[in-house]
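Which chain is which? They are A, B, C and D, in the order written, and residues in each are numbered from 1.
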Amino acid sequence: MSESETKSGTSPVSGIGRMTGFSDGVFAIVITLLVIELRVPEHRPGELLSALLEQASVYLAFLLSFGYVGVIWLNHHSVLRLIRATTIGLNWINLWLLLGIVIIPFPTMVLADAFAHAGTDGDRRVAVLLYALAAASMSAPWLAFFGYLRRHPSLLAEGVDEDYVSAQRIRPVVGMALYLITGALGWFVSPVLGLLGIGVMIIFHSLTSGGLRFGRWRRRRPA
Amino acid sequence: MSESETKSGTSPVSGIGRMTGFSDGVFAIVITLLVIELRVPEHRPGELLSALLEQASVYLAFLLSFGYVGVIWLNHHSVLRLIRATTIGLNWINLWLLLGIVIIPFPTMVLADAFAHAGTDGDRRVAVLLYALAAASMSAPWLAFFGYLRRHPSLLAEGVDEDYVSAQRIRPVVGMALYLITGALGWFVSPVLGLLGIGVMIIFHSLTSGGLRFGRWRRRRPA
Amino acid sequence: MSESETKSGTSPVSGIGRMTGFSDGVFAIVITLLVIELRVPEHRPGELLSALLEQASVYLAFLLSFGYVGVIWLNHHSVLRLIRATTIGLNWINLWLLLGIVIIPFPTMVLADAFAHAGTDGDRRVAVLLYALAAASMSAPWLAFFGYLRRHPSLLAEGVDEDYVSAQRIRPVVGMALYLITGALGWFVSPVLGLLGIGVMIIFHSLTSGGLRFGRWRRRRPA
Amino acid sequence: MSESETKSGTSPVSGIGRMTGFSDGVFAIVITLLVIELRVPEHRPGELLSALLEQASVYLAFLLSFGYVGVIWLNHHSVLRLIRATTIGLNWINLWLLLGIVIIPFPTMVLADAFAHAGTDGDRRVAVLLYALAAASMSAPWLAFFGYLRRHPSLLAEGVDEDYVSAQRIRPVVGMALYLITGALGWFVSPVLGLLGIGVMIIFHSLTSGGLRFGRWRRRRPA
């Protein structure tokens, strides 16, 4: 516990191999977890088709969750390419990020349940607010991540600009604000409007993480 | 979001390590997921054996699903050896591929349920059609994958011929067509015939991805 | 499908990175899967302790399964160090190996169920036979694995002796024979005796894969 | 089984790649496993909010478990950086470590159940004792791990001091003692006090594995 500096076994800075492998394992499990909910519906003989169609909201929730986790994986992949090494401090922040990802299936299913079955308008407001709060809280560790990198520029990969990293902090702040607005919309105005807002947010996320870079790549084809 | 080119932190092209690791995680989970369905059957004392035998269709569905996911893993393994790097665009296509894989347990279990229990002929038609549609839709991302590589030849691994990649696009098209025919067969003619068609398709897939290459390997033993 | 040799995109021989990663994913999932069965038992207020103790056979089944999968992982780890590369043929054999591993939780739970609850003597015979048959059938892919390596010595890692690999084929044959004898013992003589035989087999496996090598390691300490 | 030394296929010492990959897979699965328990609560229409709030103890158990597994992963990550290679003996000890991790969700849920529902004081004593015993028993493999390294210094990574490794053995001994005291406190004095003790222990663990190193890192910034 109070080991002196001279007895230290390893450098406090390590490669990102295990951080990456562990994170990919968590992403892989979360993205496949919701398929467990896709079950053969109870049905009377001859009514399989209608029973399958009645589950539509479960399929949508599955697709929404798959797309959302996929987008976050792409972001995580991009961000980890900014660094060449990690510390225990950064590993803690990464664990915080993974906590947000691991939770996703829960608000997704609450949402599916509230909109599918005989959920009242009040229940739907609760479900939309819960989802928006979960999504908003997922932005906090990203802010910590970029802030940590700004304070420890020696962890950055070669050729990565410190200003670029600092500028990235605006993205989680904007995301958090927009999700909170979406949640307020769903709670005070209309749950359906809030649900639409969440869908728009995820599509927007996927476009800014995927689309813009994709466009750039077309213009500047690398060797 | 609108970061200028000069502030870009990393090249838009990255190694395929994480794409591979994440995909392998998803494959590993999906291929073991169905075993959760292999449960100790409810039975009266002394009737374990007959209760186990009654679950035969669940075992078959498990084996079918295991074999199918295994074949797709082998294909994924072969195809990813064609590339040396990836982009966000290609990562998106890979996520689309994984979506198809993650879904597999669901139509498999619908199939097992419809053929095992008191499913009517109509239910079986639905189950075969669902499985064929799921399998056919899984061909679409492969088409996108090869098309993307054709447009971005700089991503190809050393020594990989561009014409070879272009020619690969015929395989998902043929697969999609055959699965749709199989589904139509199951729906309009006979569900049992459709089920046989699906079995033949999977065996055919495994032979063309494994068998042919295996034959070639025997002939041309590498150093 | 019938692509000519000149258009081949990649060598039929590939590194074992993905084979290893995919296998480790499957091992990791299977070894943690049974913990899902360790549930808080239904109990009346104040009777948690006795309810926990009544589940003893589930804990034993969990430990047995954990140990068994662990031993197989150690074996898999040792065997894959014999090779430097893989082919689609060897990947197929590895999938066959993984099939056996994925199945383990099922006969384990049947065993736990038959010995814990009001299982009759007949049910216990069935459960022991099922477990022995599953364990015996798991030896077959190992036999195929070593046979394949004997026919393709170019896949062997540097310094690995071909005779050593050939000699390894005796182990799965012996294992298969012993598990079948154990199953027959459980079926014809006594299920408890069969269960003991299974326990002895797993301990024996763990000693021959771990103990002997461990002993050797002590004697010949490497640089 | 009794293969002569001259026929040995591979060195008894191997790289730690697979040990790491397999462990990360197990960690990733365990850390996401409890989220399966976060289910949409049964509720009457319009009462979703109160039904969600009633599950508070399940959320706490999930967070506790997530934090605990996260801390152990960080420790595992740190410890494995001390070694450059592994043997079958060390792989066995690592499996023993993983056994302790895989079990975590079970005592966590027993704890959540005893404190949430109509658990009696006696049930809560049982639950706290079970958790403390599970946590204490997890220290044993760490002791074996450091002891093994002390006897096999050739496995240590470059620049790692043997005295440092020997000194590390004090940590699991202290941890084991403190968890046993905590369990005794919960059993003989008060379950709530025991529960507080467990929380303090996990926070303490996270500070000693994360905080101290983190502090050092700030002082000695590496190149």
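Note that contacts are C-beta pairs under 8 Å (C-beta built on N, C-alpha and C of every residue); 3 or more make two chains touch, one makes a residue touch a chain.
Keep in mind that this is a model prediction, so the values were computed, not measured.
Copies chain B and chain C of the same sequence differ in orientation by 90 degrees, per CA superposition (steps of 5). Under half of the residue numbers at the interface between copies chain C and chain D are found on both sides, making the touching surfaces mostly different.
Chain centres here are Cα means. That of chain C falls 26 Å from that of chain D.
Separation between the centroids of chain A and chain C, computed from CA atoms only, is 36 Å.
Within chain C, residues 21, 24-25, 28-29, 36 each touch two or more of the remaining chains.
Residues of chain B touching chain C in their complex: 20-21, 24-25, 27-29, 31-32, 35-36, 38-40, 43, 45-49, 52, 66, 70, 73-74, 77-78, 80-82, 157, 159-161, 163-165, 167-168, 171, 208-210, 212-214, 216-217, 220-223. Chain A contributes residues 1-3, 5, 7-14, 17-18, 21-22, 24-26, 28-30, 33, 36, 87-89, 91-92, 95, 98-99, 102-103, 105-106, 109-110, 113-114, 118-120, 122-123, 126-127, 130, 152, 154 to its touches with chain D in the complex.
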